[in-house]
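Every chain is named by a letter (A, B, C and D) in the order it is written, and numbering of its residues begins at 1.
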Amino acid sequence: MEPMNNETFDPGLTQMFGGTVRRFIDKDGSFNVHRKDRLLQNLHVFQYLIGLSWPSFVGFVILSYLLVNAVFALLYLIAGIEHLQGAQAGTLGEAFLSAFFFSVQTLTTVGYGSIVPTGVETNLLASLEAMTGVMGFAFGAGLLYGRFSRPSARLLFSEKVLIAPYQDGLSLQFRIANQRTNAITDLEAKVLLMTVETFSGGQHRRKYDTLTLERPAVYFLPLTWTVVHPIDEASPFHGKTPEELAALQAELLILVKGFDDTFSQMVHVRYSYRYDEILWGAKFKPAFHIDGRGDLILDLDKISDLESVPLREGSRNP
Amino acid sequence: MEPMNNETFDPGLTQMFGGTVRRFIDKDGSFNVHRKDRLLQNLHVFQYLIGLSWPSFVGFVILSYLLVNAVFALLYLIAGIEHLQGAQAGTLGEAFLSAFFFSVQTLTTVGYGSIVPTGVETNLLASLEAMTGVMGFAFGAGLLYGRFSRPSARLLFSEKVLIAPYQDGLSLQFRIANQRTNAITDLEAKVLLMTVETFSGGQHRRKYDTLTLERPAVYFLPLTWTVVHPIDEASPFHGKTPEELAALQAELLILVKGFDDTFSQMVHVRYSYRYDEILWGAKFKPAFHIDGRGDLILDLDKISDLESVPLREGSRNP
Amino acid sequence: MEPMNNETFDPGLTQMFGGTVRRFIDKDGSFNVHRKDRLLQNLHVFQYLIGLSWPSFVGFVILSYLLVNAVFALLYLIAGIEHLQGAQAGTLGEAFLSAFFFSVQTLTTVGYGSIVPTGVETNLLASLEAMTGVMGFAFGAGLLYGRFSRPSARLLFSEKVLIAPYQDGLSLQFRIANQRTNAITDLEAKVLLMTVETFSGGQHRRKYDTLTLERPAVYFLPLTWTVVHPIDEASPFHGKTPEELAALQAELLILVKGFDDTFSQMVHVRYSYRYDEILWGAKFKPAFHIDGRGDLILDLDKISDLESVPLREGSRNP
Amino acid sequence: MEPMNNETFDPGLTQMFGGTVRRFIDKDGSFNVHRKDRLLQNLHVFQYLIGLSWPSFVGFVILSYLLVNAVFALLYLIAGIEHLQGAQAGTLGEAFLSAFFFSVQTLTTVGYGSIVPTGVETNLLASLEAMTGVMGFAFGAGLLYGRFSRPSARLLFSEKVLIAPYQDGLSLQFRIANQRTNAITDLEAKVLLMTVETFSGGQHRRKYDTLTLERPAVYFLPLTWTVVHPIDEASPFHGKTPEELAALQAELLILVKGFDDTFSQMVHVRYSYRYDEILWGAKFKPAFHIDGRGDLILDLDKISDLESVPLREGSRNP
C-alpha cells in the first residue's frame, strides 16, 4: 500500500496514519495538532500576543509594565539615587520606590517634575526610557488594533447534526446563524466526511468525501441557514447505521467562508461534528418570527430547537 | 408543504414565514432583522464602537473620559487628599475637583507637576492611571483608524426604478453613481426580485428570482451606470401590472460589489426598491456633460432626472 | 438612435455624448471627470487627507496645530490670564503668547509645569484640550498609517506605444516595469481601445473594443513586461492609418491588476495612451543585463529605449 | 530569432538573454534582480522601513532619535541657552547636554519641568519639537503596526526535491509545512521548470514549463503537504538524466498561495530548487505521529527526513 499510489481526494490532512485520533477539528475551529517547535524563530511575538485571551493579554501588559519599570528603577539606583532630585532615599526600599515612580513618570511621559534627573548618566537613562515608553506604547497601539480588527465572524452552529426526512429519502442537516451583528455576505459551505478504513494487519487509512449540498452558497445570512446534504445513493451516508458510523470514527469537517462587511475581509470558519453528535429523526423549528410591525425577529437561543420526526423504515436502510 | 422539499432559489433569506414583512432591506442597506441576543459575549465592543454614528461616538469618548477621571478622583480621595501635594482641599468639593484635575493630568500624561502624588498608595494609583491612559488612547487610536479606514463606498441610487421602452418591449432600469471621489473598479450588480405567494389557508412562501441584466458588470464607474433588466418572456415582470406587483409585495433586492482603489478593499453595497418605487413609462436624462475644455462634468443632483416616455399598449401586457 | 437599443460592449464609461473629450484617463490614472458635488456629506475627510500630496498634508497638519492652539489660547484669555499661574501678562500680546505656549504644552501633553492652570474654568479647558490633543494625535497616527499603507504599486509605462513587426504582420506593444522594489505577482492586463464614431448630424457615439493580448497575464514582474496586441484581422487597428486613428480620437485605456506582496493587497493601475503617443515602426531594446556574477541588473532608465524597424509595405495596409 | 515571434509560455521572466544566471529565485523567495534606480522618488520610505531587519530597524530608530535631539539641541543653543531656564551652562559641553536633555523631554513630551523654555523663539522651537515628537511617534506606531501585521506565512520546504517511484514510473516531490502556528487555508501550488536552451552561436533562450501536480491545492495545512509531480510522458523531466538537467541549468520555481486566518490576508510564498538540489531515489518519512491521547504531534525537524528507495532501471530512462 504505497501512499504515492493513491489518487483519492485529500483536503490536506494526509491519509496514512495508525492509531485513533480523538477528533480532528476542535469545537473552536482549531486543528487538533500539536507541534514540536524546533526553533525559537518560529515564535512570532505579534501573532502570539494577538491570539492571547483578553485576561492573559491584560496580565501580560501589566506584568511587562511592572517589569520594565522595575528594571529601570534598578538602573537609576545603580546610577545613584542622588541624581534623582526630589526622590526620597531614607532607606533602600524608599529609594527603590522613588526610582520606580520616577520610572513610571518617565515611561508613560507623564513627567510631573516632582522628581527630576540630574547628571549625564541618569539623564541618558531617562532619555532611553522615555523613548522606550513611547515606542512601547506605539507597539501597544498596533497590538490593540491588531487584536480588535481581526476578522471576528462568529458563526453559531446547531448543537447536533440531524438526519431528517427529505423528499422520498433522508437528508443530513445542520443550521448556522451569525452570532455577531455585522453583515456577512457571499457565504459558501463545504462539508467533508472523514472516515477511517481499517485494513487487515491493523493499518489505517483516512478517507475524505465531499458531501454534495442542496445549496452550497447563499448571498447573505441575516437569519439562519440550514445546510442540507441529501442522502442519495452517491452519498457516503447511504445505508449507514449509527453503529457503522461510530466504527468508522466518522467526523464531519465543515468549512464556511464569507465576506465580513464591517472589516471588509474574507472570514473562514471551521467546525466539526463527530459521529456521536448526529441525531436520527429530527428537524429544526424556525428560530425567528415576524412581529406586529412587520419586522423580523431572530432568536439565537432557538438555533438548536428541534422536533422529532419519524424516519420511514425503508428510507433508513434502503 | 415541506420546506426541505423545494429546490427553488433562495439567497439565504429563507422562504417560509407567515405575516407581512415591512421591507426586507432598509434604505441604508441593512437587513430589517432584529435579534434577541442571548449572550453578552455576542457584543463585540470594537465593532460596536466602529459602527456608532459620529455624534454618539464623540459622546461616548467624552463620557468615558469624564467617568474614568471621576473614578480615579474618588480613589485619590480615598487614598487621602493629603497625598496629592499642591491640591486644594478646603472643602470636599474643592478636594474632589483637585483630585479630578490631577487625574486628568495623569491620564492624558500632561503632568504639569502643580499637583504631585506622594506616598506609596497614591503613587501606585497614579502609575496605574498613567498606564490606563496610555493604553486607553492607544485603543482610541486603533478605534479612530478602524472607523476611518472602513470601506466607505457610497453609491447613489436613483430615487425610482423605471419601466422604459426597450427594443420591441420593455425594460426595468435604475441608475447608480459613486457618491465619493475614490475610484471604484470592477463593479458587479445582482438584482433579485422577492415576491410572496399566498396559498389557500393563508400560508405564505417567499419566492426569489434573479433578474438577468443587459450588462451585469462594468470596469469602472466615473460617471453613471444604468442597470437594465430587459423584460423578456423569461422575466418575472413579464405581463405583470402595478397592482399585481403590489399584491405580491414585490421588493427588488440589489447587491453591488466593487473594488475600492483608495483602501484597496472589496466593497459590498445593498439596496432595495419596493413595488411602490417603480415608475411606469419614464427614462433617465444624462447626468453629465462635456465642458468647453473637453472635460467631463458629472452632476450628482441629476441622478434621478427623468422624462416621460409612452409605453406602447402591446408592450405592457403582451 | 436609442441608447437602450445597443448591446455593444461598454466598460462603464457610457457611449452617448456629444463633444470632444480631451482624454479619458489622465497620465496619473485618474479619470478626467469633474463633479458638481451637491452635498457636503459627500466629502469624506479621511479619504481626502489620505489623498493629499505630502507638502499639502504637512501644511494641513501645521495649520491645524496653529489654529487649535490659537483657539485655546483665546479661550484661556477669556477665562482669565490670571488663572494661568506662571504666565507673563504684561501686555495683551505677552498674555496671548503665554496662553498659546501653555496651550501647546497641554495639547502635546508635554506639560512642563512652568505655566499651570488654576481655577475650575481654566482647569476644565485644559482637561478638554489635553483630551483633544491625545485624540487628535491618535487621529494623526491613523492618518499617517493610512497614507503609508495605501497600496502603492507604481508601474512605469514606456513613453510610447509601438507598432512593430510581428510574425507576418504587425503588433501593437508597450512595456511596463515595477517602479518600486516590492514584489508584484499575478499580474493581469486589459487593454481597451476607445474610439468616437461620428454620425451624420454631428452626433457622437463612443465605441470600446477589448484588444486581445498575446499574453494577458504573468506571474511576476521582476524585470519588464512587454504587453503585445497582435494586429490580426479581428483587431480594430487592422488596416488603420495614423490619420484615421486621430480622426477617431483613439485612446488606449489600460488596466493592470496585481497582488502587492508587501502589503498583501490587490493593486489596480490605470493608464492611457492617446493616438498621438503611438509610434510606427519601432521595437523595444532590452532594459536589463546579466553581470559577471550571474545576477540580473534591471535599468529602469531604459524602459522606453527603442530602435527603429522597417514595417513592410504589405503589413501596414493589407 | 525574433522574440515577438514565439508563443511559448513565459511567467513574466522574459526569455531572451545571454549569460548564465546564478539562480532566479533566492532561498528567501526574492528575485535575484538588482535595479539601477534612476529616481529618488522610487524610494518608498515606509516600504523600506517595513522591510528592514529588526536590528537595522532598531538601529534606525535610535539613530533618528539621537539625530533629531541633537539638531534641536543645536537650535536651542543658537536661540540662546539663557532661554532654557534651569539648564546648566557652565561650559559649552554642559550647555549642549542640557539642551539635549531638554530636547528629549520635549520630543517625548515627558516634560518634567526642571528645564523650561522662556522667550518667544525658544518657546516656538519647543512647540515645533513637541509637534514633531508627537507626529514622529505616530509615524512610529504606524510603522510598527505595519511591520507586525505583514502577512508572515513562513513555509518550511524540505531541503531537497526527491525523485521517487510512483505507480509504474517516477515522480518528483518536495514537502512543505507551516512554520508558524496560524492556520493557512485554501493553499495552491504552482511549479515551473526553467531551463536554458543554447543555440548554435551561443545564444540562450529561457524555457518555462508548468509541471502538472497530482494535487495542486489543499484546503488546509495543519500537518505536511507533499507536492507530487508525476513524471509521465508529457513531463519535461521525462527521460532526463541529472547531467542533462545540470546542462540545462534547470531551476524549479515554486509559488504557493494561501489564506492566512490570523490576519485575514492572502499570502504568497516563492521558493526554488536548483538542479543540484534534486535527489534521485528517495522518499519522505512521516513527520508526525499520534500520541497516547489521540492528539496529532507534528515535528518540524523531520520535514526533510527521507529514506532511500531503489529506482527501477526502466523507469529512469524509459
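Convention: a residue touches a chain if its C-beta (ideal position, glycine included) is under 8 Å from a C-beta of that chain, and two chains touch if they have at least 3 such contacts.
Everything quoted here is computed from the prediction, not taken from an experiment.
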{"item": "Set of chains adjacent to chain B and to chain D", "value": "A, C"}
{"item": "Same-residue or different-residue interface between chain A and chain D, half as cut-off", "value": "different"}
{"item": "Same-interface partner of B-C, chosen from the options B-D, A-B or A-C, over half of the pairs matching", "value": "A-B"}
{"item": "Separation of chain C from chain D, taking each centre as the mean of its C-alpha atoms, in whole Å", "value": "27"}
{"item": "Length of the line joining the C-alpha centres of chain A and chain C, rounded to whole Å", "value": "38"}
{"item": "Multi-partner residues of chain C (at least 2 other chains)", "value": "105, 109-113, 133, 137, 141-142, 145, 263"}
{"item": "Chain B-facing residues of chain C, complex", "value": "2, 4-5, 7, 10-14, 16-23, 30-39, 42, 44, 46-48, 50-51, 85, 105-106, 109-113, 116-117, 120, 123, 126-127, 130-131, 133-135, 137-139, 141-143, 145-146, 150-151, 190, 192, 255, 263, 265-268, 270"}
{"item": "Sites on chain B touched by chain C in the complex", "value": "61-62, 65, 69, 97, 101, 104-105, 108-114, 133, 137, 140-142, 144-145, 148-149, 152, 154, 164-167, 171, 173, 179-183, 185-187, 214-215, 218-225, 228, 259, 261-264, 283, 286, 288-290, 293-301"}
{"item": "Chain A - residues contacting chain C, complex", "value": "109, 111-113, 141"}
